[in-house]
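Across the two complexes that follow, chain A remains constant while its partner is chain B and subsequently chain C.
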Partner chain A sequence: MPREADVNLSSKAFVTSALAQGLRVDGRSPLELRELAISFGRELGNVTIRLGKTTVLAHTSISLAAPSPERPYEGTLAVHTELSPMASPFHDQIGRASDEEVLLTRMVDKAIRRSGAVDREALCIVAGEKVWALTLTLHFLTDDGNLLDAAVLASILSLKHFRRPDVTVVGSEVTVHTEDERVPVPLAIHYTPICITFAFFESIPQPILDPTHLETQLATSFLNLALTPQRELLVVSKTGGSPLEGDEVMCCVGWAVERVREVNERIEKALKEDLQKRVLEVR
Partner chain B sequence: MSSPAVVLPGDALPLSLPSTSSAAAPIALGPGVLHVVDKRTAGTGARGETVVAVRAGVLGYLAGKGVKREQQQEGGVEMQGAGAEKEKEKEKGKARAGERWWIEGNGKRYLPALGESVIGIISARHAEGYRVDIASSSHASLDALAFEGATKRNKPNLKVGTLVYARVSLAHKDMETELECVNPNTGKGEGFGELKEGFLLEGLSLGLCRNLLRPTSPILDRLSALLDFPFELATGTNGRVWVKAAEARETIVLARCLARADAEGLAGLDKGWVEGLGV
Partner chain C sequence: MTSMPHTLAPGNLRADQRLPNQLRPLSTSFGTLGRVDGSASFAFGDVQVLCSVTGPAEVRIRDELVDRAAVEVSVRSLPGVSGTTQKSLSALLSSTLSPLLLTTHHPRSLIQLVSQTLSSPALPTSQSSTFPALPISEKAATVNAGTLACMDAALGMRGVVYAVGVAVLPAHLPDAILPGEEEAERMQEDEKEGQGEEVVFLVDPTAMEEARALSTHVFAFSFGAGVGGDEGTVVGAESLGVFSEEQYLHSLDLVRTAVQEIRDFVRSEVEQRVREGAERDQVPADAKRRK
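Then we have the complex of A and B:
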C-alpha cells in the first residue's frame, strides 16, 4: 500500500515562502481557478470536467423502479463515486474507503442529492407504484488536487445535460416512449450547486482557491463551500485542520459567490453550445 | 537520406553482427537494444543471434569511425537486407569501430541505469545510510559514507525529505539500486550531494530530461536567452528537475517554462508566452 510521502523539504519551504508573497507555483493568483475544460460525450448526460489536470467523468442513467414505501410520490437519485488507483497511485484499493474518499462522497452527496437540486417529485410516474430511479456515476480519472469541485461540477452538468424518456400515463397504464416516438425530456432541476474549495496555510493570512495536489499536501485546513449562482449557501464544510475566524469564513463566502457566478456562466454557455449541436427532435 | 525507422518492442533490427571470427571491432548496442543469443543453437556453428528492440521509439544509428563523413547519418538508418551487408563486412570490419545503435523514445517511467545522475528524495535513515526515492519502481540505497570527505566520524547528516543529486552506482533488475554522491575514483563530490532550497519539478518526461542533459541543450539555450535572471538548474534522468533562482517569482517562471517545454516542446517556449508570464 503506497503511502504518500511528505513533500520534500525544498519544495515545502519554497511553496510556503512563495505563498507568503501571494505567489502560487503554477503562476495563478490566490483566488484564481485553474483552466476549466468541459466536454460532452456522445450520450446525453456524459460529461468530462477538467480543472487543470484534475479530470472527473460523470454519467447519468435512468431506470423504472418502485418507490420506497416512505416516499411514494418521489423518484430516487443515487450517486455512486469510487476512487480507484486510476486517479492517483495513493488511492490504493477500490472498496476500502480512505478518509479522503468518504469526505468526498459525502460532500458530493450533500451538494447534489440532499440539497434537493433535482426535483424528485417530478420523477414520479404513478404514485406508489412506478417512479424513475436516477443513477449518477462519477469516475475520477486524474487527481491533481480538488477532486471535490470538479466532481460537483461534473455531477450537476451531467444531470442538466441528461434527458429522460417521455412517459404517458392513462389510468394506471404507463407507456414509456422511446427516443423515436417522443423527444426526451430534461430533468426538473431547481438550481445549480457549485462547490468552491479554499485551502489555508499556517501563518499565511490569505487562503487560496482550487488547490493543486502539491498545495493540498501542504495546506493545514480546508473549507468547502457549495453555493448556487443565486447567492444561496447550500453546504459549508470544514473538517478538522487549524481553526478559522468567523470573518475569515465570511470573506471566503464573498469570494466564492464571485467565482460561482463566473463558473455558472461558463457551464450555461457550454450546455447551450452542445445542445445546439445535437438533434433532439422527432421527424 | 532515409526516413527515421520507428520500431516497437520485439522488432528484430536489420543490422548484421560482426562475426566472431573476424577481427572486427565491437559495435555498441545502446539503450533499448538487446542482443539475444539463442542458446539452443550456440556451439553448433550456426549461431542464432538476433538484435531486438526492447523499447518503442526511433532507431538511432551512428556509423563507425572508418566510414566517410558524408555517409554518416545520425538519427536515421537505412534498412538494408542482412545479406547485402555480409560481403562487405570484411572490408567494413575495421570501419565499424565505434558504430552505435540505440532507440530514442520518450516516456515517464524511469528505469535505473548505471552511471546516470538522478535526483532523489531521502525517505528513511538507517545506521549505514539512507533510503532514497528515485521515482522508479523501488527505492534505492545511498551509503552514508558515499559523500565527499565522509569518514566514520564525519558523516553528513541529511534529514528525511532532503533532495540529493546522486549517481547510480549499481542498477540491476534483481537488486536494489545503489547510489553514490561522490566519484569513487577521485573522491570528489563533482556536483553531487545535497540540493539546498530551490523547488523540485517531478513527473517530467524522460525525453525532456535527456534534452536538458545534452552538452548543448536546445531547451537550456532557449531558457538562457529568454530569461534575463540568473538561475541554477539540476536535471535528473529520472524525470525530475530542481530549479533555483534568487527570487520566488523567478523560480516560478522557470518552473512554468519547463512545464511548458515538457508539454509543447521547444516551440512552446516562444518570446510572447514567456513575456506574458510577467517577469
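Then we have the complex of A and C:
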C-alpha cells in the first residue's frame, strides 16, 4: 500500500501538549516500558516477544557448513529480518527495503552479530572444514512502534533458548548426534545485548522510552542504546534532526542501565521457567 | 529380508497414539494482530500458521484492476528463506482462495494476504539444504489460516476452503529412524519390485511420518453454495512421490472426510465467538438512558 498518511494536527497537538506535561497517551510515565510478554514455542529457539501490541517472532536454526577461508576457526551467524505487510500494511512486501527497514536490520545486526555476543569459535567443529552455520530469522507480526527493542530481545532470547546437536569428532570424521542419542548443547553466549530506544520531541526536554507507533510518527529524533546488564555499552545510534547534548545522552544511558537490568531479570526468569518445563535428558 | 516392524503399533496406533485417519488437536485464534483488517491462525497440533488480511485497501496503479479487487498473496516460512517452495505454496493459496472472494464488490482496490508460519517442528537435518520442502501439514494449515483470516476481515466470500494432507507409508519399515544411503537404496529396490506392497494411509502426518512416506498428498476442498455445497469439491491438489491411481483416489477420499471435520470445527469456533461477542455487546438491563 502507498505511504501512510501523516498524523492529523489535532492528534499531534494533543500528544505533544500532553508530553509537555510529562503525560503519555497510554497512561505510561515517560521512562516506562510497555507490558512485556514472553512466550516460547515448542521448538527450542522459537520465541515470541510482545511489547505492548508490538509483536516479534524469532527463530533460530542451524546447519553444517564449510567455514569462510578468511576465518577457518569460526562458525557463522546470519541474521535475517524482513518486514512484511503483516506488521503494518504500509510495509511493502516487494524487494526494495525502506529506510526504516534498513536501519532496523543494521541495528539488530550490530547488537547481536557484530557485537560478538555469540562465540563463533565455539561453533567450529573441524578447523577449515566443518563449522556450524547459525541462522536467526526475525518475523515482525505487529508494528506498534519500537520494533527494534522487541527484535533485539527476541533475538537474544531465541539464541539463549536454542540448543544445537552435540557432535563427536574423531580425526576429521564428524558424527552429529540426534536428540535421542545425546542431549542438545546450548550456544556459547558471552553477554545479553538489550536495546532501549528513546524518542525526542521538539521543544520538549524530557525524552520518552519505548515509543508507540503514534509517538514514533511525531518524534523528531531517536536514540537507540544497546547495553549489557553488566553496564557495558554495545551500540549507540542517534537518528533524526534535532541536536542532542552530550549530557543528555549520558542521562539516557543512566536510565537505560536501569531498564536493562529489569528486563534482564525478566528474561532470565522466563528462560529458567520454560527450560524447567522441558525434558532435556536422554531417556 | 529380516522381519521388519510395522509402521503402526498394535491397535492400529501411530507414534503419537492417533488412529491412521485421525487429525491432531485443531486450534484457531482470531483477530490477534493489531494493524491489519483481519487475522487468524490455524493449527494442526503444534504446526501453527498465522495469516493476516488487509483490504479492501489502496492499490498501486500498476496492480489496479478496473472491475475487481487485486489479490496479493505472500507466504513466509519460519526459516525465512523465500524460494520456490514458498512461491508454490503462495500459488496454491491464491488459486484456491481468490476465486472464493467477492472481488467484484471492490473494484480498483487491493486485498493483501500474508501468511506466516509460527511453529512447524521439523526433523533435524544434518545436511544443509537450501530450500527444504515444507511439511504438507504446514501447507494445509496455511490454506486453512487463509480462509479464517478472510472471514475475520469480514470480506465477502462465496465459500470457504479447507485443506488436509495425507502421507502414504509402507506398512513395514526398517529400524532406522531416518533411512541412510544404504537403506534408501534398498527401499527403492523394494519399491520397484513390489508395487503391490502393503501401505498405510496417515491423515495429517507429522514431520517424522512424512520423512518415511512413499508419497504425500495435499487436497483442498471448497464449501459453499455453488462452490461445493455441503459435501465440498476439490479445488487444489498437490502430490509428491510414487503412487498408484488407487492410492491417489483413496487418499482423496480420506481427505474428503477429514476436511468436513475441519469445517464443523471452524463452524463451532466461529459460532462461539459470535455468541461471546453478542454477550459482550449487550447493554446491561439497568443502564441509564441518556437524556
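Structure notes:
The rule we apply is simple: the second predicted complex is superposed on the first by the 281 of 283 C-alpha atoms of A that agree within 3 Å, B and C clash if a C-alpha of one lies under 4 Å from a C-alpha of the other, contacts with A are read in each partner's own complex, and residues count from 1 in each chain.
The rule we apply is simple: a residue touches a chain if its C-beta (ideal position, glycine included) is under 8 Å from a C-beta of that chain, and two chains touch if they have at least 3 such contacts.
For clarity, every value in this text was computed on a predicted model and none was experimentally measured.
Judged by the touch definition given at the top, the superposed model places A:V170 against neither chain B nor chain C.
In the superposed pair of complexes, A:D143 makes contact with chain C only, with no contact to chain B.
Using the contact criterion defined above for the overlaid structures, shared-chain residue A:L64 touches chain C, although it does not reach chain B. Shared-chain residue A:G27: touches chain B; no touch with chain C.
Of the two partner chains, chain C is the only one that A:S88 touches; chain B does not reach it. The partner of chain A that touches more of its residues, comparing chain B with chain C, is C.
In the superposition on chain A, contact is made by A:F14 with chain B only, not with chain C. Once chain A of one complex is fitted onto chain A of the other, the partner contacts of A:A5 are limited to chain B, with no touch recorded for chain C.
Touching chain C in their complex are the following residues of chain A: 1-2, 41-43, 46, 48, 53, 55, 57, 59, 61, 63-65, 80, 82, 84-89, 93, 133, 135, 137-139, 141-144, 165, 176, 178-180, 213. Here chain A touches chain B in the complex through residues 5-15, 17-18, 21, 23-27, going by the rule given at the top. The touching residues of chain C, counted against chain A in their complex, run 33-36, 39, 46, 50, 52, 54, 57-60, 72, 74, 76, 78-80, 82, 110, 112, 114, 116, 118-119, 121, 124-129, 177.
Here chain B touches chain A in the complex through residues 121, 123, 133, 159-163, 195-200, 242, 248-249, 251-253, 255-256, 277, going by the rule given at the top.
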